[in-house]
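Note that chain A is present in both complexes that follow, paired respectively with chain B and with chain C.
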Partner chain A sequence: MNGCGACLGRGRSSAEAAAFLLGVPIPGRRPSTGTMKLKVNGESLELNGIVTVRDLLHSLKLQPGRVAVEVNLEVIPKDRYETTALHEGDEVEIVSFVGGG
Partner chain B sequence: MRFTEEQIRRYSRHIILPEVGGKGQERLLASRALLIGAGGLGSPAAYYLAAAGIGTLGIVDFDDVDLSNLQRQILHRTDDVGRPKVESAREALQALNPDVRVIPYKEQLTSANILELLAEHDVVVDGSDNFPTRYLVNDACVIAGKPNVYGSVFRFEGQVTVFQPGQGPCYRCLYPEPPPPGLVPSCQEAGVLGVLPGVIGLVQAIETVKVLLKIGEPLIGRLLTFDALGLRFRELKLRRDPACPLCGEAPTITQLIDYEEFCAVGP
Partner chain C sequence: MMAEDLPANDCLEIAGRKFRSRLIVGTGKYASFAQNRDAVERSGAEIVTVAVRRVNILDPTKENLLDYLDPKKYTILPNTAGCYTAEDAIRTCRLAREGGGWEMVKLEVIGDEKTLFPDTEQLVKAAAQLVKEGFIVLPYTNDDPIVARKLEDVGCQAVMPLAAPIGSGLGIRNPYNILIIKEQVRVPVIVDAGVGTASDATITMELGADGVLMNTAIAGAKDPLMMAEAMRHAVIAGRQAYLAGRIPMKLYATASSPLTGIIGRSF
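Up next, the complex of A and B:
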């Protein structure tokens, strides 16, 4: 899985790596443009290899079950983390479940 | 209602505020707030709401006072260890302000009793310590149309908002379902900085007074998060989710759910 920016390029077959470098979409995956600028909890982040919400959570080392995610004010249902693509400039808010009193 | 001489003195700093005034103070004295929990959040919230002259404070808490509570639950004293929290809360609040009628409910909040309790109160202050109760309170408030002044804490982090049915989102618009059992530790398991619920509980008290007086801009549709270590507040805009399973356009949750207590929730 191309989850974290640091391991981009690793774990791919050479065909996939070549396709990636040429910007050719890999079947079953959305094309990644490499670096993407996002605003996450108000902070500008430049991230590599982020395609979906799931990738972002993975690269931030957050467990999907423990957070709620908003992209441009829209709450993303958990079962759509893997299919929701992020785009340059998206504003993402991630809040943790906090239940104590 | 006519104020006594003593009341005019007690509430004078409210009465001289144009936004409150004699009318507002009368309204507060006639108001009924239901506190869910007399713990870390409920303690500071109840203390200030009593001081402010909220006429009726219902307090739901099933627990007895434990020594480990006293690091943050300021309604209770060392001598109260082992007593029901609602009893020590009542004593502390009435000693502070005899104008306030404190109604103790030493019971588990369930789908069987919550709507009845809500019917007798104007606003809910959720300071509970577990997810099953938070979802129950949220769902019941949406069904009953009561404002829910929500606060929660964990380690060094707090969250606070106002869920006002019909005017903004509900808890499920943000978190549609409870976290999987065991995934999110409780304060008992993970700890909480003792002063932190003071900050969050008092923001809840402020919002409760504003909701009752209908003044200012309550935290409706805004989740305020507080990071005690970085000493930062952040505000997250919340929108009502049309697909919300509870308050959305095609709700799938139409009755109250008693989720199972899935992690140890201590005193």
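Up next, the complex of A and C:
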């Protein structure tokens, strides 16, 4: 599961798509000033200035190394947090490890 | 590690990885992370299970279980506890692999809230898919030899039949089925769930099981640390007894002391 196939072509230019595929930061994208509605762990959130998965983790004060992230059922590899853009209405799951048997 | 009284080559081998301890312990229900860490240490276990759960996004706590259980020291075995469908279990495993980089998973697909018995149809389906995706799959299953065989057939690297319902502490309800499963599959048989006290673990090992997985029996004991150590001894004792080979059972007595030279006898 590389997590990128389903996101391609949604509001991206071909240059952005290519950058995304190569796993490099998308040039020219600035944090949006508007708000974005996301569903995170079942909670509806309205967040400011979120562009990528990394931004989301940062705004939630979560350490990227300690969690795993799924966007619209696709697991996002850690090395793609910075290049995976989030979109209005995305459903995000963020999990970590807890005690269990 | 702790099994110094067993032959050096006696290992629990899962997918080519060798473990000296045949005891796998869970990390749920402890009073604190520190108590959990100390119990794991005293159990001698080398594999510990963990659960995968949503982080609390409104209040991300600073302390983390893995601050106490070093993944470099222990093999972390994420579970899919709480999943009721193959799809959810598969998603959970994919997240666990990305989150921790671990390919070995304890696959659970629960079929019923009250008994926590597995939904074996969904279990086999999930196991087949996860094996295709490169996971080392250790499925929690019921004590059904046919299902155990199906799980092996789809590529599971061990089968983990229950002794009794999770957290029940009833011990092995059907030892004969565990024996049949052990006879019918080639992958390790790890009895998972239902152990209540040390003797249950010993009996499990005496039957020839390759390992035992437990959580509540230790975490729920009045003194979890002492019980952890009791379980370490119990698993080693059971394994030793299995390797040593028990005597056959007989209906009548056979004297242990010489039958000749007894005083007051005329013969």
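Everything that follows uses one rule, which is that the second predicted complex is superposed on the first by the 67 of 101 C-alpha atoms of A that agree within 3 Å, B and C clash if a C-alpha of one lies under 4 Å from a C-alpha of the other, contacts with A are read in each partner's own complex, and residues count from 1 in each chain.
Throughout what follows, contacts are C-beta pairs under 8 Å (C-beta built on N, C-alpha and C of every residue); 3 or more make two chains touch, one makes a residue touch a chain.
Just so it is clear, the model here is predicted, and its values are computed rather than measured.
Per the definitions stated earlier, placing chain B and chain C onto a shared chain A by superposition produces a clash between them. Judged by the touch definition given at the top, the superposed model places A:Leu60 against chain C, while chain B stays out of reach.
After overlaying the two complexes on the shared chain, residue contacts for A:Ala68 are found with chain B and with chain C alike. In the superposition on chain A, contact of A:Asn41 is made with both chain B and chain C. When chain A is checked against chain B and against chain C, the one touching more of its residues turns out to be C. In the superposed model, A:Ala85 makes contact with neither chain B nor chain C. When both complexes are aligned on chain A by C-alpha atoms, chain A residues 41-42, 66, 68, 70, 73, 75, 77-78, 93, 95-101 touch chain B in the first and chain C in the second. The residues of chain A lying in touch with chain C in their complex are 1, 40-43, 45, 60-62, 66-70, 73, 75-78, 93-101.
Across the complex, chain B is touched by residues 41-42, 63, 65-66, 68, 70, 73-75, 77-78, 93, 95-101 of chain A. Only residues 37, 39-42, 126-131, 134, 151-154, 157-159, 173-176, 179-180, 183-184, 186-187, 192, 197, 223, 225, 234, 236-237, 239, 241, 243 of chain B touch chain A when the two sit together in their complex. Chain C meets chain A in the complex at residues 26-30, 36, 49-55, 57-58, 60, 64-66, 76, 78-79, 81, 91-92, 94-100, 133, 166-167, 193, 213-216.
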